[in-house]
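After this come two complexes, each holding subunit A, first together with subunit B and then together with subunit C.
This part shows the complex of A and B:
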């Protein structure tokens, strides 16, 4: 029994230790937004936020951060999103720009006004305005 | 013929050859050049289309690449090398000497198919529009890149660096064929250039230089200021034609003796049977031998002709034979008809004429239903005779036959002709009978009258002669009685002549043939007339040297009278000159000629003589007494003796010549 309790505690600890933090970042002049607004922007339900045209950026499909973002922020599975964008495609809407790396996201956000993207907190996050943060336990 | 045939054969054999050579020499080159030009134009158009399509494909590909979402990576300097990877792959796909690169708005190459040029500065300025430029034999194609999130935001450009030597793969380079690309100023050449100074003013065209046939066409995509030039060496283009002409020429030289030999042989082969046929035909014409059959030696058209000719000869021979038979039959018929008409003509009485005619017609026609009847019958063929008193035709009788059995019109006409002939003969017989009867009556009348007249005349003559001897008569009275006696003598003489003529015409003059000594007879007559000739001082000569016959049979009395008449006339009508009597003979005839130098007779009057009671009416002759019966009587008497008498004269005052010709009945 004792062995069992020790094992569970160990696993719980490990889980706390491995939990990663992510942030949705933008240029400094981007106004703050709610999570719902963030979701609406990423699903292209809205484009402008307080007169600023927002350019959401995605990472590539096999990116863990993207999967975490979709799960925690958009609350949609990969298949749900596929079906959503197929439907939206016929309405003339296209999914957010997809970049390969977090570095590219950082460069893009840095250079293009209105661009927002999600990166790990381990990166040079101070250069950007953090709009939202979340944790994901692997 | 052989020559003509040979010439024709040679002409037929060589004419197409010569025509073909002439055609090749004078027309083919132009036509082939024209054809080559058309083909060149099509090839150039094809190459132009290939190059245009090729350049368009590259341009479209560049445009496609520039439109990719991926190009947003320009904004992040392609940190993930995604653009570079795509460009590399694309260049590999092109498999050409080509480079692709992307520049950002600062003309820094941030992605390229060649890694070494990344981050280099691109020298050329870019415009918003698509542009093409050529630098150092490279074609640069520019396509601007816009951000996917803002189509108005230009974020860079995609550039294609294309080595123009890539176009060599479309340019045809063969022996004698040259293709290259150049511009109007000839400042750039792609492909092997030729030393041609072409004036490329039009979009496309054809030129011909001394050595080349040139076709050019302007490109229409990207390289719009450049032209494809396609040049073909004339010697190569027309090489086949020149080779063929040489071949034909040498072939003609080689084949000419062969064609000549074949033509001669062919001509002979064709002509010999025709010559044989001609010779045989001439032979048939010469000999008239239509039974000849020509020998058939071959199995060709000539043999067919010969067989047809033989068949024609056979038919001709048969027809000629039939014609000969028909001719024989016709000749027989003709002879029969002539015999029929002769027999009818020889008949002397009407009954004999009818009987003989019917019998002769039966012989010819083999018809037994012929008969003569005097009644009128509808089916009979009527015979009409002439009534000489009224000069009209009258019915004499009919030849009856079953005409309904005679359908042939010719046969009917034959019977009608025979009937007409019979009618004519009956006319003749009737006329002769009538004439004879009239003549006999006339002769009997004249004889009777002469006899009756001579008796009182003799009494007148006797009484006159008695009175003239009476001494107491005055000279006037004596002259009157002399005149009565002379006139009575003349009248008696005339009656005697008339009586003689009447006797001859009535056939009652008796002719007593006996041996006549002509020489003696003539001498007697000569002696008789000598005093008369001497009275008129005429020279009279008797020539009998050419007379060789010892005995001559004739009637001496009649003959003497003829000669007396002739001689009497000669003396009467000759005032001066001569009278020659000549007796001669040959094997067939005896000839007595009395020639004088008297008044002669005109040609017109000659025809009048020998007629009864004819004495010529002219002033000169009126002084001569005569009955006008002398010559007529002499003629009739000569004919009675079986001879002929002729009178000739050179004309008036040129004398006359009377010739009596008698048959030498001692000739055999």
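This part shows the complex of A and C:
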């Protein structure tokens, strides 16, 4: 019995340790938004929010953070998004700008008004406005 | 008409020429098939699509280079634009009861040509020629983006596929999505009148779309008149309800509509329900059930369609479908190859 309880506690601990947290961040003057609006911005269904031109940023296609963002926020798989952007090409819309690293996202968001990006909470998020947070369990 | 064709051709040549001179692959965003290419760092993206089709009916066969189209679009601040030029049936060979005929339709059509102005996250206005935002099928009606080679009859006989005029749009994404489209045309059609399924110079319509998660519901009503504005002609009224439910592995789509004049029903009903199941990453199976009853054409039919689509890459589609009609002479098999670039 004791062995069973220790095993369960150990597994629970491992789960907590592996639970990564992420934030969608922007410059301080960005208006707050609902998750549906955030989704619409990343799918380029809306471009402006309260007169601010929003520039959504993606990490590179093989990024685990991007996969987590697409799964938890956009609720779409990689293949669904590929299909989506080809249809949007026909409708005259382009996918978000892609940056290689979280550091590049932070720099871009810091310098460009209207930019939004997603980063791990281990990064320096205090200098930004946090629009949304989510947790990913590995 | 010839002058117009020359004008379109000149614009098109300029359009292509600019792409050849300026098009370059940016190292940071390499070209991806089906996503188009940016011209230098200008607000101009180019792309297009092509479609080949083979149809075999009881007494006839046809081979066609169905579509070759070129797209150009971009945006500057709150303005954006879209231009699409198309050769339709550039090559068409039909064989009926052993007699063959070849046609070359070299007219360059203006499929879409519009500019948008976005006021804010809620309001947008469009002017020019655009796909009428009626139902879901007509929003992305080209072969490579469809699941089947054929179009359902409801997308051909209920409403005008294209509108040349204004479009006002209100959308609210705060929680669930609500979108309202207001269509207005009171002027001549852009391009020749035979290209649109209805040659309309007057078209007014209203559409309401409600989206919750993966479910989209839409209701459209409208009215249009064929022929030039000053000529008295029959006014038609239409209504269409549509549904789209899309998950990663499957999609269900349905539309059901009717059309009438002041005096009587023109199309009693026309509708379909279609399911697409992605049984492997590149392979999809499609089943569509259709029915229509047109008083004007004195035709009614029930159709069952079974199709298969292979996409080695998503922007490339090889499709086959078999159509079983209650009017047996309409039974047919269709093959197509289409690609977006």
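By definition in this document, the second predicted complex is superposed on the first by the 129 of 138 C-alpha atoms of A that agree within 3 Å, B and C clash if a C-alpha of one lies under 4 Å from a C-alpha of the other, contacts with A are read in each partner's own complex, and residues count from 1 in each chain.
Definition applied: contacts are C-beta pairs under 8 Å (C-beta built on N, C-alpha and C of every residue); 3 or more make two chains touch, one makes a residue touch a chain.
The model shown is predicted, which means the values in this text are computed figures rather than measured ones.
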Exercise for the section: Look at A:48 in the shared chain and tell me whether it touches subunit B only, subunit C only, both, or neither; answer first, second, both or neither. Expected result: second
Problem - Partner with the higher number of touched subunit A residues, subunit C or subunit B - result: C
Problem - Touched partner set for A:86, first subunit B, second subunit C, both or neither - result: second
Exercise for the section: Figure out whether A:103 sits in contact with subunit B (first) or subunit C (second), or with both, or with neither. Expected result: first
Problem - subunit B versus subunit C as contact partner of A:112, first or second or both or neither - result: first
Practice task
Could you look at A:126 and tell me whether it touches subunit B, subunit C, both or neither (first, second, both, neither)?
Solution key: neither
Exercise for the section: Classify the contacts of A:28 with the two partner chains as first (subunit B alone), second (subunit C alone), both, or neither. Expected result: neither
Completion exercise
Residue overlap on subunit A between the subunit B interface and the subunit C interface 53, 94, 98
Handout entry: Of subunit A, residues touching subunit C in the complex
Key = 34, 36-37, 39-40, 45-51, 53, 75-77, 79-80, 82-83, 85-87, 89-92, 94-95, 98
Completion exercise
Interface with subunit A, subunit B side, in the complex: residues 69, 72-73, 75-77, 79-80, 82, 147-150
Practice task
Write out the stretch or stretches of subunit A touching subunit B in their complex.
Solution key: 53, 55, 94, 97-101, 103-104, 107-108, 111-112
Exercise for the section: Would you mind writing out the residues of subunit C in touch with subunit A in their complex? Expected result: 28-29, 34-36, 45, 47, 49, 71, 73-75, 77-78, 80-82, 118, 120-121, 139-140, 142, 145, 171, 173-177, 213, 248, 281, 314-315, 340
